[in-house]
Amino acid sequence: MPVKLRVEHVRKSFGSKVVLDDVTLDVGAHQVVCLIGASGSGKSTLLRCINLLEPIDDGSIWLDGVDIAEPGHDADPVRRRVGMVFQSYNLFPHMSVLRNITLAPTKVLKRPTAEAERSAIELLERFGLDDKASAYPDQLSGGQQQRVAIVRALAMQPEIMLLDEVTAALDPVLVGEVLNVIRDMRKLGMTMVLATHEMGFAREIADRVCFLHQGRVVEQGVPEQMFSEPERPETRDFLARVIASGRL
Amino acid sequence: MNRVSEGADADASVPSRSDSHPDQLRPTQGQRPGRSRRAAYDLRQRRRSTLVAAVSTVLVVSAIAMIVPLTPGWDRVRASFFDWDTFVDSLPQLWDPFLLNLRIFAICAPCIIVVGMLVAVARNVRSPALFPLRLFATIYTDVVRGVPVILWILLIGFGVPGLFDERAWYTKSVVWGGFALVMCYSAYVAEVFRAGIEGIHESQRAASRSLGLSSSQTMRTVVLPQAVRRVVPPLMNDMVSLQKDVALVSVLGTVEALRRAQILVSQSFNFTPYVAAAVLFLCVSIPLTRLTDHLMARQRRRTSGTAVA
Amino acid sequence: MTRVPTTRFVLAAVIAGTMVLAACGDDTEESTTEETEATEPAAETPADTTAAAAADPAACAAGNTITDGVLTVATGEPAFPPYVINDATPEDGQGLEAAVAMAVAKELGFEGAAVTWVRTPFETVIAPGPKDFDFNLQQYTITAERAEVVDFSDGYYSAAQAVFGLADSSAAAATSVSELKDLNIGVAAGTTSIAYVEDVIQPTNTVQVFNDNAAAKVALESNQIDAIVSDLPTALYVTAVEIEGTKVFGQIEGSGTDQFGLLLAKDSPLTECVNLALANLEASGELAGITTTWMSEYTEAPLISAS
């Protein structure tokens, strides 16, 4: 399986605080990789670095064999190929749902508005949101907003999707509908890197699970092995706490 | 393709953001049917506060109306400031100069908003290559806001035309007075816009950039529209202020409403023309301030839903 | 529970109102609601003149000044030549108005340290209420409209209105106001020059009105305006001494009837005394002497017809 994304010895600090300490991982094409770990372990930062929202201090990030983290490398084309969805949805409140989705395709990909709108409505239909096309974000529930955010990212036809704890802000009733969307994306063969607290979902959907602890990938492997027989003590500790809190 | 999340639409009923209605309690024994306990209480409170407001207003106004005429100089002050004949005489003479005030305002205000926005964006550029622009914008706002407006008007209004030998539209004092006003107010308005821009959460930029939009596209389509909506009330404040500061160009010789009022005052040795000018100014600024309040209230309703009493 | 605040508020308002009423009380110092007779600077009849000559201005003035034993004279800030030569020390009597003021003061029995000078902006004289001076002089033109609000003494000088500007102006040799119509004209606020510009010259461009003559001069120097209309003495002084390359185009025909008068508070007891003093100065020829000393250079200018 060809390697779509390779993160190699990436280091990132915020001031004196080291957040990512020598992270290396591969993501193959059409693979789903789940990042798990405690808060502050660096999951979000890693995703933001892959997307070049944060510059890395050291290391490389290879996308289809090109080091996109090289200083001076133009970030905008990279971001067209890498889609990202955030924990707090971040929809544009002054635009309708439809406009939120068509903004980037029209401005960045230069697609004609009518065509962009048609594609947008198709996507909305697929995820059961077509009746919300002219609504504004503040009229939608959290689950609906997050699904719109995912559609917005998909509208750019990315090659990889990064999802940063996208269900963490939703109440349990609404989590399910978002997870369904992610399942659908997997069925379509989307390459994804997910940071998530939903262990059950990670176990179900991931091709590989990476456990981050204090800025390092302490252990990674297939879900069956990671969740049943973790090798490292840090992993065991973390999973024990997760189980104790009833999240697994 | 299967439709996703068919059973999970528990959130179909969206919480309404319109004015909150009192909770409807089931009527208990003794309650008036059709009106809740809460609504009745609210009505009583409103009636009481209206009564208090009316009584206290009547008291204060009648106190003033009774006390002021008892002061020793009231008659001569009234004759000097509130002479009806002079008032009626002055108003028509002040009307055309006042239109000049409005014309200057109508031209300066849009310029100020545009320049202010440009300066605010310039102060916000993040790319290192554009650092000189950011520096210039910072110096501009610091220096311009550090000197009283009237001083700028005097310096620019008298100084710049003096550089030229010929007389043309670009040496007219009203033009340079207007320029000085635009320069001064843009600096203040730029700070208002800057506050608005910086008030937009970083996550909006993150989302926009993640979609592949460039920095300038992000500013234009995502950040600025939101920032502008937010700062409309303080911006309106500055506009109300500007409408009156237009009178400052009178020091350059332009005969606008204030100056014409002064001329009338010196001819008649009566201050009533000033009162007439004040009335004219109020005719414009009161609707503006009411509009500002209305916009602020509307924005509060849209962003916060319910109001805590 | 909600009744108490209302009662408390009403009570507080009533108490406050009563206190304010009590504080105002009876101020029966000077009732201003009395009928006042119109005080025009009337010409004195022969009978009055004889009587006046016999009356003593000093006796008239004694005890009637705002400060006992001191005469407070006011003029503008800054004060300009040829009316006041030394702005910092008007008490030296140099300049037409400085000299007239000191001469009148002497007639009223005040000399040297008994005369204080204060400076007032133009509009303080209009404000109703007691004044901070006994009389004020800064080229106040006597008009009937103004005389309803303040007292004027008899005139001490009359000046024509003149037009001045750059010597190379196309209108420098104008002989009629029609040649001035296309000029950008500036005047100082508060002067009667505005009326002359708007009514007699009627320029095509709106007249520009400045805070004072100083600002008008700056505008002339920075090419904002082509000409200034002011009283003739000021025009002659500015063109001769202050701004190079300027000259007086001429004086407007028929504008010499305006009289300057000393300005006093309405119904001031000193008005009569000041008029007595002025009459004495005129009779003795001192007034003419002052005028000649300070103003003889400032009276000549070609005539500009007003038609």
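The first chain written gets the first letter, and so on, giving A, B and C; residue counts start at 1 in each chain.
The working rule: a contact is a pair of C-beta atoms (placed from the backbone, for glycine too) under 8 Å apart; a residue touches a chain by one contact, two chains touch by 3 or more.
Worth saying up front: this structure is predicted, and the values here are computed from it rather than measured.
Using the mean of the Cα atoms as each chain's centre, the chain most removed from chain A is C. Once CA atoms are averaged chain by chain and compared with the all-protein CA average, the nearest chain turns out to be B. Rounded to whole angstrom, the centroid-to-centroid distance between chain A and chain B, based on C-alpha atoms, equals 44 Å. Inter-chain centre distance (chain B to chain C, centres taken as mean C-alpha positions): 41 Å.
Taking each chain's centre as the mean of its C-alpha atoms, chain A lies 83 Å from chain C.
Considering their complex, residues 48, 51, 53, 75-77, 79-80, 82-84, 86, 88, 90-94, 103-104, 107-109, 125-128, 138-144, 147, 149, 152-153, 156, 173-174, 176-177, 180-181, 184 of chain A touch chain B.
Taken together, the chain B residues at the contact with chain A in this complex read 1-6, 8-11, 14, 17, 203-204, 206-214, 217, 221-222, 225-226, 229, 302. Residues 2, 6, 9-10, 13-14, 17, 20-21, 24, 27, 29-33, 122-123, 125-129, 143, 145-146, 148-150, 184, 186, 189-192, 194-195, 206-211, 215-216, 218-219, 221-225 of chain C touch chain B in their complex. Here chain B touches chain C in the complex through residues 45, 48, 51-52, 55-56, 59-60, 63, 66-67, 70-73, 75-77, 79-81, 158-159, 161-162, 164-165, 167, 171, 173, 250-255, 259, 262-263, 265-271, going by the rule given at the top.
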